[in-house]
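See below for the structure under consideration.
Chain IDs A, B, C and D follow the sequence of writing; residue 1 opens each chain.
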Amino acid sequence: MQDKKLKYILHSIIFEADTRIGKVFDIVLLVTITFSVVIVMLNSVYELHLKFGDLFLTLEWIITVIFTLEYFLRIYSVKRPLKYIFSFYGIIDLLSILPTYISLFVVDTHFLIVIRMLRLMRIFRVLKLVRYVNASNTLLVALRSSRRKIIVFLEVVIIIVVITGALMYLVEGPESGFTSIPKSIYWAIVTITTVGYGDIAPQTILGQTIASMLMIVGFAIIAVPTSIIGSELVKVKSRSNTRVCSDCEYPSHDDDAICCKKCGSKL
Amino acid sequence: MQDKKLKYILHSIIFEADTRIGKVFDIVLLVTITFSVVIVMLNSVYELHLKFGDLFLTLEWIITVIFTLEYFLRIYSVKRPLKYIFSFYGIIDLLSILPTYISLFVVDTHFLIVIRMLRLMRIFRVLKLVRYVNASNTLLVALRSSRRKIIVFLEVVIIIVVITGALMYLVEGPESGFTSIPKSIYWAIVTITTVGYGDIAPQTILGQTIASMLMIVGFAIIAVPTSIIGSELVKVKSRSNTRVCSDCEYPSHDDDAICCKKCGSKL
Amino acid sequence: MQDKKLKYILHSIIFEADTRIGKVFDIVLLVTITFSVVIVMLNSVYELHLKFGDLFLTLEWIITVIFTLEYFLRIYSVKRPLKYIFSFYGIIDLLSILPTYISLFVVDTHFLIVIRMLRLMRIFRVLKLVRYVNASNTLLVALRSSRRKIIVFLEVVIIIVVITGALMYLVEGPESGFTSIPKSIYWAIVTITTVGYGDIAPQTILGQTIASMLMIVGFAIIAVPTSIIGSELVKVKSRSNTRVCSDCEYPSHDDDAICCKKCGSKL
Amino acid sequence: MQDKKLKYILHSIIFEADTRIGKVFDIVLLVTITFSVVIVMLNSVYELHLKFGDLFLTLEWIITVIFTLEYFLRIYSVKRPLKYIFSFYGIIDLLSILPTYISLFVVDTHFLIVIRMLRLMRIFRVLKLVRYVNASNTLLVALRSSRRKIIVFLEVVIIIVVITGALMYLVEGPESGFTSIPKSIYWAIVTITTVGYGDIAPQTILGQTIASMLMIVGFAIIAVPTSIIGSELVKVKSRSNTRVCSDCEYPSHDDDAICCKKCGSKL
């Protein structure tokens, strides 16, 4: 009986954001996460590591132990522990504590705890910003329904990049930095995405001509994903522009519709 | 009585752009602002500073004193001085004169008077280009209503950039220039925005593979803000097109419509 | 008679993807293609070439002989061999085997067999992803109908790039890397597409001013292809949504509409 | 009388593209223009200049003399010579021959005859591609009606770039290449347009932080011109989607309009 009550209290503190104490808990959590990520970043700066390395390590271990405790409390207090463990947030919570423990065996892996940042996505829940969640949902729906076109697009990009890479490996050769086809493909990606580091750059006239063509293709190709996602986003919007039929409750009629498109009764 | 009249005249000269003298005042102001910004720029060129440094400094002080005088006249002539002081333009006007005075104590800060440029935004008022103001309003409305989606988008970008940065710090290490996580994050931002300086660039095969993936993500991600703002801009436009027929109440007539496009009665 | 039957069986295996054996054949084909492209890539890495060069070459020849056999079986089993030979896929199939044979006479050309990758486009057929084909068709239709605007756009870009190139050649000269007009045009393309390698960069003030203007033009110009393709894509979509009511002939009903949205009769 | 006939014949050859001889003339012209631009380009390559410099110069002078002759024939045969001289094409035609003559006095200016390329825009007339002209008109209309928003946008970009430039000059100083405010502004333009040469790059942590923010602003800002022009292009399209009223001949009614929006009669 008491165990049940404890579980209930813990659940309301840890999982809910509506009660006052639940809100405080979430805010403390977010601050701690941010704090621990900043510590890891600072620890990677050599000068700071020399001076405060021990302090950083101690703080990291303290926070990790707290997060581990929190993780087990979550498992304990939730109704279906397995569902939580394999949920998106459950996996993130586990990944957030693992790197520190692994760093006992493999050097430097504790830097990977920046993955903790993913926990910051809870911020939307804390601020009760339903509209933020809606906004990200709209984006996700648009991305999902343009999935197929994006896969076709990516395949075309990959084929262009591999063929251009092989061509440039033949044309330019190792003297200009095109030492292998994989490296040439890396250069082609750097070029077609208009990043253009310049660590590898064509030197021969033929190579520069091919590169110019690749650039213009990349320039034109930027348009494609923008157009795809953009036109999906417009569609998502119009779909959410819902007029519901009063007879059959079928949603999403156009603004100029006079009759329900399902049952035919006047709107 | 006379004080009141003086205030009125000053107000009409300084704040209004409809009277002839007010217009002349505004144009002289704009020319002076541009002139002073150009002087500061030229003064930063070492060769010119050696030759004309004293001249530049004198001119800068003269203009600053004039602007200071103008600032106090504005406070004096306006009806509600506090409201002006804390308004957008009031703060800009203050920031436009401060750097020169601060440069008496802190070296080189007088270069910050380029902030004066913000005063140039008054140009829209001078040219009475109401339509320019409308244009910038349309942009602002579109940006404001896509605020939430842009925040979600920026959070995703920040999370990607921090995690990739930490990963590249582990994979590449200080030999390739990835000396710390903050620096690696800087590199990730340079890459995902497709700027690509090339001052830091991955050298290992694993690093180049991760970089390639980051580039393609960045390439695809450019599409998102474009699509968001674009679809908002379309919305803003259609919203501004709602004229409703007074007879049949059919909405969304074009600006050039004289008769209702449904029932045919005069709008 | 038997020849006809053999042809029929071969055709159903090689060309069709509906029968079980046809599907197995296609999957084996796709795996073999990917495998052979990976081998060519690895062979171009100098360290791996030293160690496994002979193995790679042997594998490449085995795969090429298999593909050659497959190519002749395709010609043999298809009803109209000439139509196949000059079809898109027929040419790709031929190009996929030629480089290995040419490499007997011209050194290093066997790297060109990465063109085999184009055969991977059959994957859409194997997976029976009609919707993928639709997606790529939508893209193609949008690209085709915006063809003219894109040609006008490209001509403008080429004219800007050539004139700026010649100008920069005069302004900067060989000291900054602008050794000839073609090279300057290459720089202008690198700049206007916002790739920006930095291998050639203006050094003089005049040169940097012209470069800045070119960059801003490039920045603004990115908008144009995006807008063109985007607005075509929206058009393609709305066009594909035209279902006309058989009673009142009101057009453009949605795909999920059962009744006409104007008169209410069944569609 | 004969003079008039000569004028008429010349006019039909030089200015018209409908007659057979007029078409031949235009094609010869286009080929000659392309040929002369290619010669100038090749002449700028040092190795080719050494070998064929004299040949190139001779050809250039021959073509220039022909173009000069053509220019005067145009003035002679046209009805209103002054209108032609000050028209867009008239000025281009003059600029196409001037650089060669100027090169007699000022060294190397003959490279500027690449401006001849602008004459290639006549190609649309030759190919009678009315639809190409329409396509470029649609683009021009969209650009023109989004003029104001683009000016507002450019002013914002210029203000951001100047202020960031001055800030970086203070933060980074001459050691990192930020030797003057104009140069820092050049860097800011290189960064905000995502070109990113890398010839100047921030070295300090503060500088890299400011640069990161500028990049993200640039990343977000790319969206704005795309959205502006895109939404205008959609508008232009719908405007050109003209249904004309049979009574008052007022154009550009919407697709779902039942009555004319000007006179109110049924469409």
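In this text, a contact is a pair of C-beta atoms (placed from the backbone, for glycine too) under 8 Å apart; a residue touches a chain by one contact, two chains touch by 3 or more.
Computed from a prediction, not measured in an experiment: that's the story for all the values here.
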Query raised in the report: With respect to inter-chain C-beta contacts, which pair, B-C or A-C, contains the greater number?
Result: A-C
Query raised in the report: Measuring centre to centre, with centres taken as mean CA positions, what chain is farthest from subunit C?
Result: B
Report summary line: For the copies subunit A and subunit B, the interface residues, called same if over half of the numbers are used by both and different if under half, are different
Report task. Identify which chain pair among A-D, C-D or B-C reproduces the interface of B-D, meaning that over half of its contact pairs, matched by residue number, are the same. Result -> C-D
**Report entry** Between subunit B and subunit C, centroid-to-centroid distance (C-alpha), Å
**Finding:** 40
Query raised in the report: Whole-Å distance, subunit A centre to subunit C centre, using C-alpha means?
Result: 28
**Report entry** In subunit D, residues with contacts to at least two other chains
**Finding:** 182, 185, 194-198, 222, 226, 228, 230, 234, 256
Report task. Would you pull the subunit B residues touching subunit A in the complex into a rising list? Result -> 148-149, 151-153, 155, 158-159, 162-163, 165-167, 169-170, 174, 179-182, 185, 191, 194-198, 201, 205, 208-209, 211-212, 215-216, 218-220, 222-224, 226-228, 230-231, 234-235, 252
Query raised in the report: Quick one: in the complex, what on subunit B touches subunit C?
Result: 194-198, 226, 230
Report summary line: Interface with subunit A, subunit C side, in the complex: residues 37, 40-41, 44-46, 108-109, 111-112, 114-115, 117-118, 120-121, 129, 131-132, 135-136, 138-139, 142, 150, 154, 157, 182-183, 185-186, 189-190, 192-199, 222, 225-226, 228-230, 232-234, 237, 253-254, 256-266
